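You will see two complexes here that share chain A, one where it goes with chain B and one where it goes with chain C.
Moving on to the complex of A and B:
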């Protein structure tokens, strides 16, 4: 019987290239937002990069890290999650129209205003010709991408893929999001995080974690507000544990949403009542709260599972508007 | 892929504001192309668009109101008042609330404080329409918005189909809405891809696309769940194919290589071969590059049946509805299967010798069993959906 494995990770985030060693300590204190236009590693022709927006640059870089030295095969796919995606090209084009009319719109900017620009650019530059799906699931996007990537692999739509997320928090979005974030939660984040997923019967080389189960559900809420978190997180956990065939007490690591104090309280309540043995995995103060950072969390959790410091982990993300995504990961040799 | 029933279809378009009037206009070869009035066209090269009548509705974005009109019709046709508990929503993201956000941002650029635009800016994110649908129509299952440019809604329908066929949920509302915005109408103008006249897909004298707007939704159900409530299928989603060209940011692979892989994958998922395809509803944007590449892919796929299989594009009628294009075309395919007829390719007059397809310029009544719906997008993104008739 085949299983789904995470065999590589990549990141361009507040801690620079690659995932940080841990979510606490020095790396957390050194956390900072990434400057725009972070240079890629060697190997890309500069001319090809001339018009790249930051989101595309970050995603290409993270995907390349996740693919590792072997790179992509011809049918490698991508599932990329966005919370707010790449806004600067949209605003730049709007300003061009405002100042000089439609004829001033830059043809070189327009393709990067489209949500799937990062996956398109990564496909071209990393030679990935399999499915290329870009999903917007707001603050749960990175986990939604991991779940839907696992589903696409299970359905046989491709043999391997890179799943993750990318978000670029430009000054405009910073301003319009400020009141929505209610000022008291963790800071909004940005960056790109990628996971290489493979479908294989045997434990593949470099396996860091096995993707055991995933679930997506939702609750009604106004688009800019979180739903009442306790019930929807509880339903998601029930669904996930049932699909994984796990007891709540067997989970020893849990990454739950802490975007706001209210969400954190609901998550703490769920952990203490339903996951009594699970250590909290608080990553959002390091990576920031955005859609992409949940893929970073999955990468960090995979590393813990690979090291043997945890055996079973659950990740549950909740978005404004009510979408909720959950993934269960297990240590590669847990069986 | 286990077959997925389509039990409802809803459409709001420039040529008809429900599925019945949309189909009637398609069969008659009517065009919804007109001059842009939604916002000042300024110095655009071409201000030709396919614009919908005002969908009305409360203070939401135009895209949200378009979506609600079409989604409610799809639910009603499926015999549902609301989405059942646990149903999913798979939306193809278009520009969402960007038109309203643009209005607010232009006021900011004129000196208005940013804080005044917050209400408009809350719709700025492409997932907002899916959240509005969830709040208004129920569900409770998975909810995503596929942001894949012009394949967005074909990808959304494909993923929604996978949810049902894999048992994730028994019912999914899948489709999209998209509204005219300065970014998209101006952007395609600046790329010089817009026709000054009207779109003529696959025509030897085609001069480009015309941007459209609208919404279309399908209700996808597992046969077991649909039977249990006495619902009958309009059509069956049989296969999904997704691929990337990995070739160019805006241009398709010149041989349509990625599109061909997506079509073959959809057929393979259904256990069928190209010989089983009776009709293709193509992307057919009417740009020189798209139609040539897609035409080459279809010639390769259909082989010696290329002169027999009718290939149409509805973009001559409803324009290129971008994020909603795949859903509009999937709706047209479902209606083709229901009515056993191929609509004409509106605007088509004379064939392009380089594209030897059978492109009808009048409606073709015929027996249809399996129909492909194909979409291509920026970045070389390709999607193919295979639909079959009522089992």
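Moving on to the complex of A and C:
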């Protein structure tokens, strides 16, 4: 029977190129922003790089890292999750929020981001000719992309793909978000994080984790607000554990949303009541609160699973508007 | 929401049946699955164990016209069915496919809402034709369509929508764009359908290469996705 595996990771984030080894302790290094001077354009035709928007540039590089030395095959697909990007609809939204606050948003105001640019550009430059799906999944973008990628692989739409997220905070957006983030204590994040997913019967080379199960559900909520977190996260966890065939007590690592104090309280409650053996994985303090960072979290969790420091992990992300995504990962040799 | 992609011999599809009342089935076929072909669709339904005698369809004309399934084939953009053992179907490639079911009356409908249909409030017309006493018993699925990331329009068309839906659109700026999914979902909500019964598939067809059909992206070679809903015999 085939299984889904994470066999590569890539990042253009607060830690520069690549992911840090761990998020425990005070390993956050200085700026939360993508550092200046990263060699993001090396190895590509200058003409193709000239007009790249930041989101595309970051995604191309994160995907390139995730693919590794072997690169892509003709059928390699992509699923990219987006939240913030510096495009006209997002900027129009930001202006509206700046003037009237988040409650002024009409349902059609919430941003789509930079369209299909990141996956389209990565498809051309990295020779990925397969499926190319871009999702606007807001605060859960990276995990939504991972779950959607797993769905596409399990449906047989391609044999391997790169899934992840990308966010770009324009200085104007950063200014608008600053007071909100200050209140939560979690910094706003940006960058691109990518995971290579493969479908294989046997343990593939470089396997860092097995994607055991995934789940997605919606709870009604206004587009600019989180739903009541406890019940939604609980339902998503139920669905995930049921699909994985796991007991809550068997999970030893849990990445749950901490974007706001309310979400953090709900996550803490869920962990203590349903996942008693799970250590918290507070990646948002390092990578920042943005949709893309969930793919970074999945990458970091995969490394822990590969190293043997954890055996079973769950990730649950919640987005404004009510979408909730959950993914269960297991150490590659756990079976 | 993002429905789970499934695959069968005919191609990839979304199974939406779980969103609707227990005896209603609903599917959306994806790129590569020729949902316009009656034989392919019949084989697909038979493969799911569904006994369906007739899949009604219309010649879609980008209008606000709603017809009863038994009036098809004819020129229209929404069909309302009420008979067991039958289904209704629309096809789209960037326009919004909308499926409706009334948990009380058992009526079901498929709506093709392009920009003209949206402007004509075709989804509200279809909902009102379903015969339920209460809009609160309606369940709606608003399918994948071209999103505001990819659906820029000229200022004239944008002005038409501003006039019809005052306050519902974001500021046009220098890049007027329309979000037809959001507009149709909001129309249903305004009609009285509970927010929790309106399921919006958050996919942009133009941003889903290899998964969704997009006329804006692929032109004449786009293909079509079929959205169908019905009740088995």
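In the analysis below, the second predicted complex is superposed on the first by the 285 of 335 C-alpha atoms of A that agree within 3 Å, B and C clash if a C-alpha of one lies under 4 Å from a C-alpha of the other, contacts with A are read in each partner's own complex, and residues count from 1 in each chain.
Convention: contacts are C-beta pairs under 8 Å (C-beta built on N, C-alpha and C of every residue); 3 or more make two chains touch, one makes a residue touch a chain.
Nothing here was measured: the structure is a model prediction, and the numbers come from that model.
When the shared chain is aligned, chain B comes close enough to touch A:84, but chain C does not. When the two complexes are overlaid on their common chain A, residue A:224 makes contact with chain B while staying clear of chain C. The larger set of touched chain A residues comes from B, when the choice is between chain B and chain C.
With both structures placed on the common chain, the touch criterion links A:279 to neither chain B nor chain C. By the document's definition of touching, of the two partners only chain B reaches A:175; chain C does not.
Of the two partner chains, chain B is the only one that A:127 touches; chain C does not reach it. Comparing the two interfaces of chain A, the one with chain B and the one with chain C have residues 77, 87, 91, 93, 95, 106-107, 113-116, 119-120, 123, 130-137, 144, 148, 151-152, 155-157, 216-218, 220, 323 in common. Across the complex, chain B is touched by residues 77-78, 82-85, 87, 90-91, 93-95, 97-98, 101-103, 105-107, 110-111, 113-117, 119-121, 123-124, 127-138, 144, 148, 151-152, 154-157, 175-176, 179-180, 215-224, 319-323, 325 of chain A. Only residues 77, 87-89, 91-93, 95-96, 106-109, 112-116, 119-120, 123, 130-137, 144, 148, 151-152, 155-158, 216-218, 220, 323 of chain A touch chain C when the two sit together in their complex. Interface residues of chain B, counted against chain A in their complex, comprise 1, 41-45, 86, 88-89, 93, 98, 102, 105-106, 109-110, 114-115, 117-118, 121-128, 130-132, 134-135, 138-149, 152, 155, 159, 162-163, 165-166, 168, 182-183, 186-192, 240, 242-250, 258, 261, 265, 269, 377-381.
Contacts from chain C toward chain A in the complex involve residues 1-2, 4-7, 12, 147-150, 167-175, 177, 179, 182-183, 185-186, 194-196, 199, 202-204, 206-211.
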